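Structures incoming, each one as structure tokens.
Shared between the two complexes below is chain A, which has chain B as its partner in the first and chain C in the second.
Moving on, here comes the complex of A and B:
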């Protein structure tokens, strides 16, 4: 009984901010207030027609798409190399490759800012793509490593399969679910990335979260809430779709006893 | 007729960083025999197996199969059958596809594959599961499937890495018997890694006892148990008590506390020399009589078919004894201990 209450409170606490944002997005007045004083879709219209948001959305699609496309082969290759290292070397290299998870975004952002400035690439989208590739790489590597089993590869080799055949008949088929998970993670991380992107964005190259931040600094109307609600909706649809098509628990290894 | 050596390791060394996994292994596996590599974890037994399989490249030394140097040959060209501790069945294939894997890699034709797979599954008594995935099988069935997959390619040598370790006790004992029957029936030369002395003693023709990257002793189960070459082997295989002694005469020694004990060793002792003696607990006799040593019981452990009794001689020396019929003994009880002269072994 008490357990149920605690869980209920926890769920409420975790979803409350989201609920507030969703409710506020339908507020007809220009002030971000709660509870709302009516029902209106005007801020949705504003969000969708605001030129800077449109530009940022295009940037987001390009940056996320490109970084996922880059990170997937790079991360897979890195993961394959990683599991083939001797155990001691593996620890070092995996720490290096997974370091973007731990290093503060501010530090990474500053580093990329200095490098971009040095090479005159500040106004270039390529910097953002590079940043996002680095940031999603750990997720790709982890998903791939989770689905690699050197012992299965050894078994295949002992049965007479040459390395190319081992890869085609054992490694790759086992990797496939991991690759879907990797893409899903990469997209979610990239679409929501803000801190590092802020450092290396300009008005022309900025992605959606950065544009939203800029907007909220200048205006306080519920446009932001509307856009956030759209964001939440889109992410939800993506996750549900993946779950329906592939089975999230399977590709994320939740409750997997293989 | 001299037995033919199928697998030969010559001076094989392997280090991982500063850890010497193998410190010079020389070993020959004879045609048709089942040889166990026995030792504690980290002794190098699995590394030895991996060197033979071609999964691990040795730093020094050679691996020969039928006399041919295969040290530089990759695993997929060695034609050996390997059964892994985790079985390593391909989860995305059916049992039949798993077993057929090696045949397909060899370019066998369809009819031949179907026939061989059926035969192999029958050999390991695995019927009616050919179309299931490994994940749907019990541990014992997975083990059989892994064995079938390794045997179906008619390997020159079968390599088994702790094949029974993942099974529960009852099943392990069943599979132990069956594994031996299958190995005999196929007549395949087998190298077998285990940390379980019972498995090694019961299954193998010969045992290589390994410790710290070396082979301490190579011999039949009877030899390594009854004539352990080193203290390590004596300690690792079976229980025993080791006594430090000083020779008094050719056939008598003095142990701690000034106790004189008659011994009958294969060689006469030189008075004054130091010897290390081993006595197995089943050779220590408990009871009354004139020729017994006075002792106190310090511990009793009832184990069903036998009872372990720990005793302490008046001189403070402690001995382990096993007796078949359990006398009603408790700690602190006085008891007589007889140590037959021919029960002692000298070890290095």
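Moving on, here comes the complex of A and C:
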């Protein structure tokens, strides 16, 4: 019983900010008050018509789309290479490919900023796409590796299947859940990436999180609450859909299946 | 090997960028210009002055506190997630855990600005723009990651060990302390490492919840690079942060692995 109360309180702590943002987004006045003195959709209108948010949203779609398209085949190939034997120094390669996960974002961001300046690419979206590909790649590799079992490929081969047939009949079907998880993670990581993007973008190329950060620093009206609510809503739908279609517990290897 | 090549090329880009960072950290800063002068150790000297060492110390303290608090707050949720018999309950917990994970740092930090300001809840002590507020934001930010890693580790525990302990007369709490917790140590270790490393380089949470009064390493790197245009100075500080991250990770990994090994 105590356990349930504790878990309930902790989950409450985790969802509290979301609840507050949603309430704040319908606040009728620029200065927040609670309880609200009415309901209004004006901040939603403001968020959706603010030119800089629109521009940043387009940038986000381009950068996330391009980096996912690049990272998916590159990461899948690398995952296959890592899982299959024999590969010399597998530990080294896998540590290197996963290193962007622990290198501080400011170091990556500043490094790419210096490089971009040196090659005259300061206002170029290509730098953002390259950086996002680097950051997304570890997630793609991990998702694919976690859902791949090379024993099954070997079994098929030992039963006489040619490499092409093994790939088409065993590897590809096995890859499907991993690829789906990879796309999901790639999009989520890229859409939300802030630190590195802040360093390598300008007002023209900046993606949504950077534009949102600038807005929060400069304005206090609930426009950000409205945009955040839209973000949270979209995320929730994505999470629920994934759970329905694939089972989140299965992708994430959580659950009591013994 | 051919399959690995494209990924290695992408990572080579990262390596070149980090090499450029290290190179800038020993080049002279010319105020008002993005060009750099000759070789100098002045940037590194500045970074090791008491002012900057305080930022590093504050970051270490905040990261350590965040890791411990996140671990304590995440374990019960992870346990419930891994062990709940009802699939609906599991799905609910998972969605509630993952939703903040997927909404991104800016949205979540902004949300905490609203919560910690005094509009909705009247806090007895000032939290916004104070270290305590930053700490709350950092713990909240780290919890989903920790929960996912812990839940995966707890799910992997063979339950026959727990049943054996119980059948030998151990009370549920004792079973937890002596069997479940030690067996989940791999998750505790990797979760703590990830949370520590991420918190150590946190930028948006201290930036927005600290309001310029609480600064961690990443905030100083950002100020130097993007506001003062002192790229060499910023690079020196980022290089030191990079070195400390790897050093601490190595030390903590060793300590935790040893503790985990002893407990198991």
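We take it that the second predicted complex is superposed on the first by the 234 of 258 C-alpha atoms of A that agree within 3 Å, B and C clash if a C-alpha of one lies under 4 Å from a C-alpha of the other, contacts with A are read in each partner's own complex, and residues count from 1 in each chain.
Assume a contact is a pair of C-beta atoms (placed from the backbone, for glycine too) under 8 Å apart; a residue touches a chain by one contact, two chains touch by 3 or more.
Remember, predicted model here, so these are calculated numbers, not experimental data.
K.L.:
With the two structures laid over each other on chain A, which partner does A:13 touch: chain B (first), chain C (second), both, or neither?
P.N.:
The second partner, chain C, only.
K.L.:
Using the superposition on chain A described above, determine whether A:182 touches chain B (first), chain C (second), both, or neither.
P.N.:
neither
K.L.:
Should A:236 be classified as contacting the first partner (chain B), the second (chain C), both, or neither?
P.N.:
second
K.L.:
Would you check which partner chain A:81 touches, where first means chain B only, second means chain C only, and both and neither mean what they say?
P.N.:
It touches chain C, and chain B stays clear.
K.L.:
Have a look and say if chain B or chain C is in touch with more residues of chain A.
P.N.:
C
K.L.:
Considering only touches as defined above, state whether A:114 meets chain B (first), chain C (second), both or neither.
P.N.:
A:114 sits against chain C, while chain B stays out of touch.
K.L.:
Mind working out whether A:103 is in touch with chain B, chain C, both or neither, as first, second, both or neither?
P.N.:
After superposition on chain A, A:103 lies in contact with chain C alone.
K.L.:
State which residues of chain A lie in both footprints, the one left by chain B and the one left by chain C.
P.N.:
87, 257-258
K.L.:
If we count contacts the way the header does, which residues on chain A are in touch with chain C in the complex?
P.N.:
Chain A residues touching chain C: 3-4, 6-7, 10-11, 13-18, 20-21, 23-24, 32-34, 73-75, 77-78, 80-82, 87, 93, 96-97, 99-108, 110-115, 117-118, 130, 133-134, 137, 141, 188, 191-192, 194-195, 198-199, 209, 212-213, 216-217, 224-225, 228, 231-232, 235-236, 238-240, 243, 248-249, 252-258.
K.L.:
Within the complex, which stretch of chain C touches chain A?
P.N.:
Contact set of chain C toward chain A: 1, 3-4, 6-8, 10-11, 13-14, 16-21, 24, 34, 73-74, 76-77, 80-85, 90-91, 93-100, 102-108, 110-115, 117, 119-120, 140, 143-144, 148, 151-152, 155-156, 158-159, 194, 197, 200-201, 203-204, 207-208, 217-218, 221-222, 225-226, 231, 234-235, 238-239, 241-242, 245, 249.
K.L.:
Show me the residue ranges of chain B that touch chain A in the complex, using the header's touch definition.
P.N.:
Touch list, chain B to chain A: 16-17, 53-55, 74-82, 84, 86, 88-92, 101-102, 105-106, 135, 149-150, 153, 159.
K.L.:
Spell out the part of chain A that touches chain B in their complex, as residue ranges.
P.N.:
86-88, 149, 151-152, 154-163, 165-166, 169-170, 173-174, 257-258
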